[in-house]
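Okay, so chain A shows up in both of these, paired with chain B first and chain C after.
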Partner chain A sequence: MEDMVIANEMNKNNLRQALLKNHTFILFIIMACVMIIGSIFVPSLMQKDNLLNVLRLASIVGLAAIGSTVVLLVGEIDLSIGSIMSLSLVTGGLMVGYGSVPALTVTCLTGIILGIVNGVFVTKLKINSLMVTLGTMSVFGGLANVATRGQSIFLYDSPLYLWLGRGYIGGIPVPVIIFLSVGIILSLLLRFTKTGKEIYFTGANKRAAWISGININKIKITAYAVSGLTAALAGPLLSSQTNRITPIQGVGFELSAIAVAVLGGTSLSGGKGTVIGTILGALTFQLLLNILTLSGVGTYMEQVLKGFLLIVIVVVYQVVDKPRG
Partner chain B sequence: MQEPLLFLKNIHKQFPGVKALRGVDLTLEKGKIVSLVGTNGAGKSTLSNIIAGIYPPDSGEIFIEGKSVTISDPKVAEQLGVGIVHQEPTLALNMTVVENIFLNKELTRNRILLDLKKMKQESEKVLEFLGFQINVDKKVEELTLVEKEVVAIAQAMLVKPRILILDEVTAPLNKGEVDHLFKIIKDLRNNGMGIIFIGHKLQEIIEISDSIMVFRDGKNVGELIPSEKLSEKEVIALMLGVTLNEDLEAGEKASESEQREEVLNLINLSKQGLYENINFTLYKGEAVGFAGLKGSGITELFQSLQGIITFDDGEMYVKTRRVKFKNPKDGIDAGIGMVTNDRQKEGLALTLDVKENISVSSLKYLLNKLKLIDTKLLKDKAEKYVQALSIKTPSINQFVQNLSGGNQQKIVIAKWLLKNLDIILVDEPTRGVDVKAKNEIYKLLLNEKNNGKSLLVASPEIRELLNICDRILIVIGGRIVAEVHRNTKEFNEEDILSIIHSSHHYNTA
Partner chain C sequence: MRKITKLLCFLLIVMMVFTVVGCGGGEKEPAKTGDSQNNSGQPSSTGNEKIDALYAEVANLQGEDALKFFEGLKDKGLNDAEILQFFIDLPLSQANAQIAKIYKDEGFEMYGKSYPKGETYNDFQWSKGSGTKITGPYSKNDLKLPFTDYVALDEGTVGDASKKYKIGVVFHGFSHPWLINWADAAKWEADRHSNVELNVQDAEFDNNKWASIMDSFISQKVDGILVWPMVEAPTGPPVDRALEAGIPVVSVDRTSGSKEITSRITGNFPANGAQAGMYAIWKLAQEGDLNAKAVMLRKPLGSTADAVRTGHFLKVLSYFPGIEILKSYHDTDNREEAFTNAQSALQAYPEIDIFFGTGDHEALAALEAAKMANRLNSRKDGKKIMFLSIDDSKEAVTQVKDGLFEVNTPYTPLISDIGMRVLLNIVTKSAEMPQDVITPNIPMVTQKGDVIFGMQTQTPDQWYEYTFGPALK
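Here is the complex of A and B:
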């Protein structure tokens, strides 16, 4: 009798699990629906130029969202993504006179270092990550302004920068190629490395991870470093859209990045989520924004809706993924 | 005839993987003290939690003064006049006595401002009634154990309960404090309150109770009326009953004659307030049991041996190498791993699958030449342990949260077996595990022992230590007070329990 009850429960769970496992599939369907319904009401959505633009912007926010995903996977959060983006752009921008390659290298290194700073604060000082990164958001963002005295750095003499954001390879926008490459690499690393597995375990149960011998501090610092790096990578792609680096370029980007990660199925409580989901999340997110823009809502309203969207996503997932008692 | 104050009829309660209560009846009259006794897991705490509305019964009826009631949550219990003092008082340590007593029941002036003056007066009144003088402005963390216990009782008294449940309130107290507390409890009874008393120290139980309900495996199996003649042995005999599970012919004989290899040696190991002067040697292929009540320091001792916490004083040697672990990884690297008593919080990632949980500590050995995870090897290993330990799961890709308690426990053990540790510490190997899975876990542990692993096992169930272990150490108040070998006549449940439950050892707290 008892066995039967258990077996029954298992079957039910299998079904549930199968559905959950197909999270990416569900997301794909949602994205397709958004696209179809959107194109009915806003026919200009399907124009080639517009779609390329959507892809380009989705790639930029998606890149940063991959980093967010990794931090969320270890059960923490990174609110300083936008500021890391600004500051790393600025440090690179100040080097732009020496050429684009050194400048971009400095940008990436800055991103990694700032990520490590976040990670060290969170782990060694044992401060709540929400507070740490709220603090560093202000610190890094402020430093970006200090370093440039609020001025912009123009990129007309830096063709590499411009190409990164606006160029094409075989008809595909360069940001898309960068985004997908980083996405695939990180997806594989998460799945096939010791560190990747340990990231999931740490996020799923910190204490069990620690008792199982995982160096959870190292894992968390790594996650923040990845987040710093992807934020830094997204920066130049964004700058070249406007031909300039400004110290406030990344402002508000953390919201988009976290929203995309969550939309892609990454759990806010850690241990659950995939990069593939985040990639689909980025596309869906940008499509939604694009539909709003095309229907004439205006940029200011866009910000309002972005925040609203984030809350809706979180609520929906809470209902769908209700934890079992 | 007057209706009884509280009457429970055929109460059932099942938790995932274990039947906690299987048809319990209980009657409590006004002005009586009924004690619930039984080994750990017999269902005493589950029953008191049901009466206090902490969780609902699966079936059965509850009557208060003859009226059928549904106690859906603690608030309802309070309204019905049920107060409970928990095993480990749930006080807010950084708040004052008065704040704790009135927690969630704060008195206000004009519904906005707190009426601190009145709350203080009331608190002092309750405490005075209980016969204690405690400065109500003191923070609870500054109080002694007995004072904390009294504050917890005062908290329960505030709602003027007709029924008071005391769940192991005497555990941390010494004899004098217990006497004082008993005087209070008897006063409450004489004022007409019905009291349910849960305890482990049988001498005390016999002293205070009007009747003793004995629990075994989720049922009440008998009622004893205390008298001069009633002995602890009689109660224990009823607590144990007929042993249900077939005893395994454990560890046939410790390989006494052969040369024995020391794998772990502790000299005067101490941690303040938890355990003291632990001296102990563990040999290869040996299983040693630690028997003691909750809070005796065994869990913390085990934690220290893997580096989950650190010990203060003394020396620890692993195969003659002196060690002091700073974190759990150090312990694992030295070949020691602990199966903690809370697998869900400390052993498993419930939202990950079986193979990920089994392999988490051994990923280093599952890499290919490119330093990437060898997925096939990982799967093979996971499959191997799922089979060897007969873990019941549809596949190694099943989420661990969907498995039963017994199978989850096996996964924690499998994690350490895959890691190939020399010493495995098991704290409550079969907590929340059903009877069938229990026996499988015993066999599994014995098998590992015979393969040359060394085991330390802690359990409140003596039966399981008798099944697995070559010798049993009895720990009271953080000290080893006795050692019983398999080939001695004291190697039985009754004798070991009477050492643990005899009151004269309780003076170290």
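Here is the complex of A and C:
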């Protein structure tokens, strides 16, 4: 009987330790705290319309962040997410005259192709991914301007395109459905498929992965293609909210995407992180922004607090990850 | 475990403190009525006895009385231009304590005073229909430059026909619809003169790059430089270096930090703000209730366009104690940010009568946010929210035509051709140019061309050909 009590206590302690080491769990707790405290001081936070807005906006940055998560998992980085979003948007936008479906198809295909370009540069030319994507960020962004001569493409006559960003299915915003669908599919693929496991192995230990027969280059190119696709998918959700596509629409999105991925517990050194964490990261990120906006601290103070809170959360992760001696 | 707990507690405390501060600072006390003591934020005399007498008369009026006074301006012998000028120079009233406080706290008086004022060069008067149709050399947009008769310069060679005049142009934004049209107008003018060689450089919203382009123009010994400075302070020294090197510099639209700049062509920021204020009051009066709650969606804090427009808007509103400014939101000239701000405003305030945008991005974002939140007709008795827009993009003026925007007060990028002509006159020593070249005010655009306080406005169709940017279809 005494042994069983001790064993139960040990199990409880192990569970507690495991939970405290789990970034997703910690983020969940943080998000819950943010919601509770926020709703006390900002009563409109918990209104249905506001929460739907938070979800809608979290879906856009979250989609891009999911792609960023996959690239970070293989131990690389993608700074060109914003530019991929811009270039794929305008490429698809140039097809808007032929209908929303061709426009959206071209947008997604462009995203995949640009992602593959990044992957090929990183793997075949053996250039550091930071430098490659820094370069392609400029190239893709510049091409977006060249393609449109800096002009906007209006979406007033593209109801299907607009519906993607503004519509509802069963009371749930369409972007949320797209975001969660992509998130769940990718999460399952990463968890249960051979390629998914190889993505984790590659990021955790490149050399060991190579020795064990994993085609590292193929895995990395796949990761960049996924990142390109999710960046391209996020674009129409953003542009349809303001009725227009511009060649600078994705500018700065890469940093938000990477921030959300890291917030969601993805390691910058690869091999560690989950899509579910990134989904929670996107929700927490957007919730924080929403509280700051509703509480009226002002646009500039929002930037300060956004960065500050991000650092605080990452510090929490570092503390829980620190080995105890 | 203790460390984690401490960190979590720290995080929560920080959030609580900032949230509390935010809640406290976000709301402003509604105005107290009954304070009729007016206090001018402007010079006590405008130099025009007739106008000064009117200001003395309006000084102690507020609400309905001020409205009646404004409605009688035409009968007091003022023409359209004088009525607009009356509202531009209108002193701030203390009747609306909240607005007077915002005006003072944000230093709008200083911005208003430092913005160039005066008569147009050679008393130029703009008339509808004048100007020149072009295809933008860079944007390929169909445009009509409204002021090609202003500081007119004949096509063909300028100055010494045997000499090539090298002109440098530095601005920001081949990726920006307003700015690319700005560059279009400057290039169109330069291209009309075969002995002018143009070098246009985009600083891509980087002030350091802007300065280095200026320095490269100095080292190339260009004959003159046309500039669009994004902000004042960092653009002063490069302009001064060019002037020291004997190179004339002309700015168009925003002003640089150099006090010695050869010439500056400025637009109609004060008129934009005053016109938006006029329209808001006129429309409220038409509806029969001078009480309203307004949200201001604004450009970056400290930018000339934002401060001068907002300041002049608030001056007109300051005579009406029933108007409450719910909140100001700033963005970084980004429509997506403005959209988020508008969504937050709609969430935070169940009653919004007016959205005032200090640029077309802001007003267009507010419109889309209101549509998405099903709040377009959410005012008392199902009335539509009023959207006051500035900057005459084709997109914004189309919204006026469709009845979604109440008003647009035009501000056109198509004034850089004036700057180019001024610069060429200076470079070739063909004519003496003043330091300040004032652009004529443009009548506001309303759906039906209403008469506002005796002043005739224009319809979207009348102004459409002069608007900037790509067409909607």
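The definition used in the following text is that the second predicted complex is superposed on the first by the 278 of 325 C-alpha atoms of A that agree within 3 Å, B and C clash if a C-alpha of one lies under 4 Å from a C-alpha of the other, contacts with A are read in each partner's own complex, and residues count from 1 in each chain.
In this text, contacts are C-beta pairs under 8 Å (C-beta built on N, C-alpha and C of every residue); 3 or more make two chains touch, one makes a residue touch a chain.
What you see is a predicted model; the values in this text were computed from it and never measured.
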{"item": "Contacts of A:311 with chain B and chain C, given as first, second, both or neither", "value": "neither"}
{"item": "Chain B versus chain C as contact partner of A:169, first or second or both or neither", "value": "neither"}
{"item": "Contacts of A:271 with chain B and chain C, given as first, second, both or neither", "value": "first"}
{"item": "Chain A: partner with more touched residues, chain B or chain C", "value": "C"}
{"item": "Partner chain(s) touched by A:130 [first = chain B, second = chain C, both, neither]", "value": "neither"}
{"item": "First (chain B), second (chain C), both or neither touched by A:185", "value": "neither"}
{"item": "A:214 touches, of chain B and chain C: first, second, both or neither?", "value": "first"}
{"item": "Interface residues, chain C side, partner chain A - complex", "value": "1, 3-4, 7-8, 10-12, 14-16, 18-23, 25-27, 138-141, 173-177, 180, 301, 327, 329-332, 335-337, 339-341, 343-344, 347-348, 364-365, 368, 372-373, 395, 469-470, 472-473"}
{"item": "Partner chain B, residues of chain A touching it in the complex", "value": "2, 6, 9-10, 13-14, 17, 191-194, 196-198, 200-201, 204-205, 207-215, 267, 271-272, 324"}
{"item": "In the complex with chain A, residue positions of chain B that touch it", "value": "306, 308, 327-329, 332-333, 338, 340, 345-352, 356, 359-361, 363-364, 367, 371-373, 375, 394, 398-399, 401-402, 404, 415, 434"}
{"item": "Interface residues, chain A side, partner chain C - complex", "value": "20, 29-30, 33-34, 37-38, 41-42, 44, 47, 49-50, 53, 57, 145, 149-154, 156-157, 166, 238, 241-244, 246-249, 289-301, 305, 308-309, 312-313, 315-316, 319-320"}
